[in-house]
Amino acid sequence: DQKARFHSMVHEFTDKCFDRCIGTPGNSLSSKESACLGNCVERFLDTTFFIVNRLEAIKQ
Amino acid sequence: DQKARFHSMVHEFTDKCFDRCIGTPGNSLSSKESACLGNCVERFLDTTFFIVNRLEAIKQ
Amino acid sequence: DQKARFHSMVHEFTDKCFDRCIGTPGNSLSSKESACLGNCVERFLDTTFFIVNRLEAIKQ
Amino acid sequence: AQQLLQKMTDKCFNKCITKPGSDLSGSDRACLAKCMDRYLESWNVISKAYATRVQ
Amino acid sequence: AQQLLQKMTDKCFNKCITKPGSDLSGSDRACLAKCMDRYLESWNVISKAYATRVQ
Amino acid sequence: AQQLLQKMTDKCFNKCITKPGSDLSGSDRACLAKCMDRYLESWNVISKAYATRVQ
């Protein structure tokens, strides 16, 4: 179902973005780490749309 | 069955621990490499139990 | 079917060999990058045969 | 929850137990606890960012 | 096509978006476009090399 | 056995064939043979350690 798919995507994004954004784990997320995590998800989605659209354009 | 699950776990641990413990492959495992492999499995299992127990404690 | 298996192998090889052979993506594949990709596939297949044959020899 | 546990264990083992010794030291446990907390926090930040985007 | 899309997206995100910023910059897009083209070219080179070998 | 073959091939290809050339050289083969032997030995060490632990 939809909720399961949403959670599965969140697991995947966390897997991708945690190493990229979090260095040595500290006592809390810094605002920089937090911003990095949000940007990581958004830019990954942007990248997916960019690639899908460009593939469509190439095909035509 | 149980034997298949055991083997599947051993494959997974070997996959995880080989790169971590074995440098350039030599003519035999050094005692240091051998100890590293055993510790790698045991500490991974300890880590799993630590995390499961702490998750339970957090939930309550 | 056979065509699907062929494509699936090509996806896997591209996944393995792209990072190994392609640095910063340029305006075209250099002849060096192109040769590296071909060699990467062929040496991976050689490696597989070498390992399968040696495993058989060890068993006997 | 199984998927969370598995990925968190892999990440935190890699981050905290770089040289597996003869037991989990106090500093290993402290690192694992922080890593878990940051992983769960990251999961929440990412869940919100993704929810905002797909709404 | 799904498999191609997924692997290409992962590879090109890792190669081009090393520090995710507040939007996809022009140079991010240029890198992604080149990365896609080289990925598709690589796929073709590899497909030919494999076909030759299994014939 | 399939799983062993696949993981061993990936590991040993990565360890031994870092720059794929126009054939498998003698030193590539020597490295692959050692890598296989160490991989099988590692499998046994790990199997024993895990068996001891789950008993």
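Annotations
In this document, chain identifiers A, B, C, D, E and F correspond to the written order of the chains, with residue numbering beginning at 1 in each.
In this text, contacts are C-beta pairs under 8 Å (C-beta built on N, C-alpha and C of every residue); 3 or more make two chains touch, one makes a residue touch a chain.
Everything numeric in this text was worked out from a predicted model, so none of it was measured.
Touching subunit D and subunit E together: A.
For the pair subunit A and subunit E, there is no chain touching both partners.
Between the chain pairs C-E and C-F, more C-beta pairs are in contact across C-E.
Of all chains, the one whose Cα centroid sits at the greatest distance from that of subunit C is D.
The mean-CA centres of subunit E and subunit F are about 29 angstrom from one another, to the nearest whole unit.
Here the spacing of subunit B and subunit D, counted between their Cα centres, is 17 Å.
Subunit E has residues 16 in contact with two or more other chains. Residue positions of subunit C with contacts to 2 or more other chains are 40, 42. Annotation: chains form a contact ring; the order from subunit B, going to subunit F first, is B, F, C, E, A, D.
Put simply, subunit C touches subunit F in their complex at residues 20, 36, 39-40, 42-44, 46-48, 50-52, 54-55.
Interface residues of subunit E, counted against subunit A in their complex, comprise 5, 8-9, 12-13, 16-17, 19-24, 28-29, 32-33, 36. Across the complex, subunit C meets subunit E through its residues 6-11, 13-15, 17-19, 21-22, 24-29, 33-34, 37-38, 40-42, 45.
Those residues of subunit E that touch subunit C in the shared complex are 3-4, 7, 11, 15-16, 31, 34-35, 37-39, 41-43, 45-51, 53-54.
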